[in-house]
Amino acid sequence: MTDTHTTPLVRKDGRGVTDLRDVTIERGWSTQAEGSALISFGNTRVLCTASFTNGVPRWMQGKGKGWVTAEYAMLPRATNSRTDRESVKGKIGGRTHEISRLIGRSLRAVVDMKALGENTIVIDCDVLQADGGTRTAAITGAYVAMVDAIEWAREKKFIGQKSQPLIDSVSAVSVGIIDGTPMLDLAYTEDVRAETDMNVVVTGRGLFVEVQGTAEGAPFDRAELNALLDLALGGANDLAEFQQLALSDGE
Amino acid sequence: MTDTHTTPLVRKDGRGVTDLRDVTIERGWSTQAEGSALISFGNTRVLCTASFTNGVPRWMQGKGKGWVTAEYAMLPRATNSRTDRESVKGKIGGRTHEISRLIGRSLRAVVDMKALGENTIVIDCDVLQADGGTRTAAITGAYVAMVDAIEWAREKKFIGQKSQPLIDSVSAVSVGIIDGTPMLDLAYTEDVRAETDMNVVVTGRGLFVEVQGTAEGAPFDRAELNALLDLALGGANDLAEFQQLALSDGE
Amino acid sequence: MTDTHTTPLVRKDGRGVTDLRDVTIERGWSTQAEGSALISFGNTRVLCTASFTNGVPRWMQGKGKGWVTAEYAMLPRATNSRTDRESVKGKIGGRTHEISRLIGRSLRAVVDMKALGENTIVIDCDVLQADGGTRTAAITGAYVAMVDAIEWAREKKFIGQKSQPLIDSVSAVSVGIIDGTPMLDLAYTEDVRAETDMNVVVTGRGLFVEVQGTAEGAPFDRAELNALLDLALGGANDLAEFQQLALSDGE
Amino acid sequence: MTDTHTTPLVRKDGRGVTDLRDVTIERGWSTQAEGSALISFGNTRVLCTASFTNGVPRWMQGKGKGWVTAEYAMLPRATNSRTDRESVKGKIGGRTHEISRLIGRSLRAVVDMKALGENTIVIDCDVLQADGGTRTAAITGAYVAMVDAIEWAREKKFIGQKSQPLIDSVSAVSVGIIDGTPMLDLAYTEDVRAETDMNVVVTGRGLFVEVQGTAEGAPFDRAELNALLDLALGGANDLAEFQQLALSDGE
Amino acid sequence: MTDTHTTPLVRKDGRGVTDLRDVTIERGWSTQAEGSALISFGNTRVLCTASFTNGVPRWMQGKGKGWVTAEYAMLPRATNSRTDRESVKGKIGGRTHEISRLIGRSLRAVVDMKALGENTIVIDCDVLQADGGTRTAAITGAYVAMVDAIEWAREKKFIGQKSQPLIDSVSAVSVGIIDGTPMLDLAYTEDVRAETDMNVVVTGRGLFVEVQGTAEGAPFDRAELNALLDLALGGANDLAEFQQLALSDGE
Amino acid sequence: MTDTHTTPLVRKDGRGVTDLRDVTIERGWSTQAEGSALISFGNTRVLCTASFTNGVPRWMQGKGKGWVTAEYAMLPRATNSRTDRESVKGKIGGRTHEISRLIGRSLRAVVDMKALGENTIVIDCDVLQADGGTRTAAITGAYVAMVDAIEWAREKKFIGQKSQPLIDSVSAVSVGIIDGTPMLDLAYTEDVRAETDMNVVVTGRGLFVEVQGTAEGAPFDRAELNALLDLALGGANDLAEFQQLALSDGE
């Protein structure tokens, strides 16, 4: 899909600046979870599982609404040098917290909680291998896992046949400015060199759910921000197609 | 400063949509810290202290560069109903982690670490009273505290007389869309009603350090994003003037 | 009030041995809490808030009695050099625990729990700046905050109009022996030099709630103990007047 | 390999009592780790990575010996119903500790620490999907990952060309008594029904490294113990062949 | 009892290879617990208390069954050099977890949970002095404490007069191979030299509850395993007699 | 010793108001520690061990001074109903912290740190059985253990033959007012009824190290305070004799 874009500049891995890395989505990877997907953005590989349970946390009971939440984590040797386990350290780091919250918010943005009813979906995104863009791959794969968990629940009649909790689809992609050039879907070696780094979460209809841009080096101006947003919307459009392709399998 | 803006709509507290709340900065509030400021954005009050110490964390030693980091916290009764202390719970929540990291990144964006030398500045931002915008008030006040800590270090000759670690100033402001209308500097009751909520960190020269926009309700489109960014740049400009005013006191 | 005492010896800050430092009580500092006071004993500044809630902890339910408890903490840069946050360390230190328990016991000593009914008051004492005597300032300020929280509850009819939960007032002061001389209300530099250090909690009627004396250097004899108690009762008497003065404001 | 055994009884999944489940070993699954293997025993899937680093923990320095250690963990949705993350709970459970220690001991039993030199190998065994026998699959896969990490270190000259840290190979298998019948390699549904459950760690030469037998129901006698050991030695022999097969790939 | 065995080899402490150390059981040591025993295996001394309470944990309610669990711990100076307290470190080590779980399983193996009814017995085994074999002494003493707690409950009519929750007795002993010779009940200095170390839990009727053998040095073969099991069954038989002797006291 | 006092009132256990409970001190109870004592105050039994190590914590190095510290803990079933282990809860309670600090301060008050040299003594006080007065028994027994650890160090030549780190002896006792009558050494059932509760730490020469009085019910006046101090000094005098008696054993 992405290969039809023409891109003037070529990157280390041969991509043009507007190209995504190879995207693969192995839907239903887990035989245990209600929904699951093993997603790859190049060498970044994230296992996303969706666990559907009846009932909601105590503080939400009796409102006729459901709940969607997410937890993100990285295996200790997902990265180039081993990092200590958060379970061994006894506490969760700020980065882990931040990404878990981002994934949860992104998914909730496309779910109608009334239609979900008093049910809970917990999405686990475990990074098996990390090469940049783990949070964006996680969101993109989590959506696929969630769709299957909702279908499972509909078959089990935990959700009414006519209820449609899904309002839209959602995916995410990173963009950044390297040596002054805006680029799509940064690999790890690109990410560490980026002056500005932005993660953008976009719905299937092309609306923004989250825009998180950070100047790692020099601050950025309005024109740069606009260029990055343009790139992100293009990438998100491609990702939405990959999601649809994966979800149409087996139908 | 802000009162010269004409704003068509009037908010609950009498402000127009492009108005900041009353901003006060009590510079040097603490007699213990190298730099400090008690900042108010309306009823939001944050005590910011800057602690300057010689040396850097072990992993940074020998590179001739300094380090700036920040910790954010809220007193248990800063909010309308009491929240449990994180020290009592034995762990720091995701929100606290996220904001601490944001403040640290925002300040580092305007510091030349080479010019700072192998010294560390720790900024503590403790919210004494919360009424929306605590992170943006914290960043805005932290900058003032940091300036004074750097001045203190220069007088103590921990930083060379000709070194200028400060590249630019930095402040932050929240913007949001309420009932379809973009507004500046949301108070708590406005924040909970906002469909989209955005925190923008801007330098004195008007460049972006961070843009964090989140759809709390419906996703937002490109036009809405642009309207929010316009508002934020205006507010940040006003805040930079308040900072300058506070810093010119006593000179 | 204290300035009518004649004191033979003069201390570093100009006080005589029987003098308190300057005491100020800003009642109602917080717009969020049911009761609050920002108290200063010289450079020691403690923000005390009282949170009133209906109901009591599970283990106390059904006895028709209320509960009063307290938490004490220090901002990281309240002290001359920064100390790590207990929330970051993930555990509360022994000193913090000890002082929190002391404040709670001191306040409960002057409250009739039957008259309070099944309601809970949580007192938070956060040291914004520390210069010795933080626990005694905390107790003295906490009483003022608690009085206002009880008044608030009476107006809200959470406490009967004829109920009087307050049996007496309570304040606290430190005393110590420095170079053989007993002195009242030690500042930090005095405290570290004291051979014996004592914190005394006294009711408005002059009765003891707590007496905690510790030999930091040489053990002390009965005569020294008596001299310290005399000083403490005098200081507590002055503090009770400051409390009354603060509480009569706005009537 | 296992299919030449004749087994009188047939199990739910069609196996005879002396049959292993399908065993697959994807050697080199990870592009990041020095050695890795994704191993499956039926539906149980464990990702094993081996991280090689120069140096040993402080307490072992200067003895000219290496160190091998292991950490085991399970993804939250590896199991049929989701379990909370140990990182979120802030502590590691007894079962996790126990298995991590077992894996470490099992691997150390076949490593000559002098020949390894002052280097450390950390093995991470993360269960991606659990269907019984996760610890035995982990040990069996960890051996393969460790072999590759040692080869990597030899190529990098961190280990001498003539040094051979590997004394023997090692694998593990579970056995149990169900309805009075001893069986090999229990799947989860078998495991929960087993009266006696035993995990046996065996070297390639057929010697025992660990024997851990537990009566879950009625205690077991000497004859039953012997029958289980016979079964385990047969299964371990098959697993050693699978390991050799995987390791001979790509040579 | 043990002195009738003839043993060819003499150990450092004068024992033959099939001899237990001196065993003493002070039943009813605690005046607070429902059952208790201070047990010694030579210099190893463990205080075992059994706490009986009505009711079971929430996840077991309504099944008409009881629950038995155990916690093992070591005083910091039970060992030759002081070890840090796990309460101070804030987490329980793997070894502690492992032994607590072993004790619990061992005791549950001889209890009929239906006959116990919905009651809970918590066994605490605190090692006051450690010289090898602490877990085996703990299991052996815990059985005695548990018997008394069950008798106490019968007298209080928390267990029916005709119910007999005890199916069998249980004890445990360590065995190991030192310099090629299998030996019974290892003292600490023997334990650290053992090539193979095995803990065996045996019922009064001579059946196995747990067999945990570990090669600390070279792996062991089938003949060695058999020799160790023979020794363990002999030792367990002696321990069962010591238990009976202690329990017949005061009848 | 105490039986020569004439006491008008008789308590539940037959004692007069100025009587201690039976005091026993088993010196050298532990074969592992450098010094130890199992002390009983009636049914309260505390095992005190003193661990002597060369060197001091990093923050004290190079000053030619030693360090003495203490840790207090209670076995879960020391009390009438079982309390959860602090190691399992993962944090130390306020009461435990408070008592550990009190014991440490009390012992340091009678040690000349210069004479101790750069050595550390850690005192562990583990309550095996609790019936009131555990902290006072702990201090009294800890002194005996510490004396033996110092003697051990002198024999090992870790302390000079002429150095005398011990300045004085130290013991502690509780006193309280029950139904208006001051009483010595409260048992648990007395303690819970006391209106005022005081722990007093006294040196062998009769000087105060700590005075900690708390009004549990009504506040107390100066006369009551004096009566309690009189009682405490008498009791401490008796305890000093018990300590001497224990320490003269075996000479």
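Think of it as A, B, C, D, E and F in the order they're written, each chain with its own count starting at 1.
Just so it is clear, a contact is a pair of C-beta atoms (placed from the backbone, for glycine too) under 8 Å apart; a residue touches a chain by one contact, two chains touch by 3 or more.
The chain list, named the UniProt way, goes like this: A, B, C, D, E, F = Ribonuclease PH.
These figures come from a predicted structure and were not determined experimentally.
Separation of chain B (Ribonuclease PH) from chain D (Ribonuclease PH) in touch steps, taking the shortest path, is 2. Any chain bridging chain A (Ribonuclease PH) and chain F (Ribonuclease PH), meaning touching each of them, is missing here; the list is empty.
The pairing of chain C (Ribonuclease PH) with chain F (Ribonuclease PH) is characterised as same-residue: of all residue numbers used at this interface, over half are used by both copies.
Relative to chain F (Ribonuclease PH), the most remote chain by averaged C-alpha coordinates is A. By residue number, the contact pairs of D-E overlap by more than half with those of exactly one pair in B-C, E-F or C-F, and this pair is C-F. Per-chain CA centroids place chain A (Ribonuclease PH) at a distance of 52 Å from chain C (Ribonuclease PH).
Chain centres here are Cα means. That of chain A (Ribonuclease PH) falls 33 Å from that of chain D (Ribonuclease PH). Residues of chain D (Ribonuclease PH) in contact with at least two other chains: 90-92.
All chains join into a single ring; listed from chain E (Ribonuclease PH) onward through chain F (Ribonuclease PH), they run E, F, C, B, A, D.
Across the interface of their complex, chain C (Ribonuclease PH) is touched by residues 30-33, 36, 43, 47, 49, 51, 53, 71, 73, 75-82, 85-88, 90-92, 96, 122, 124, 126, 128-130 of chain B (Ribonuclease PH).
Interface residues of chain B (Ribonuclease PH), counted against chain A (Ribonuclease PH) in their complex, comprise 91-95, 97-98, 100-101, 105, 109, 168, 198, 203, 205, 207-215, 218-222, 225, 229.
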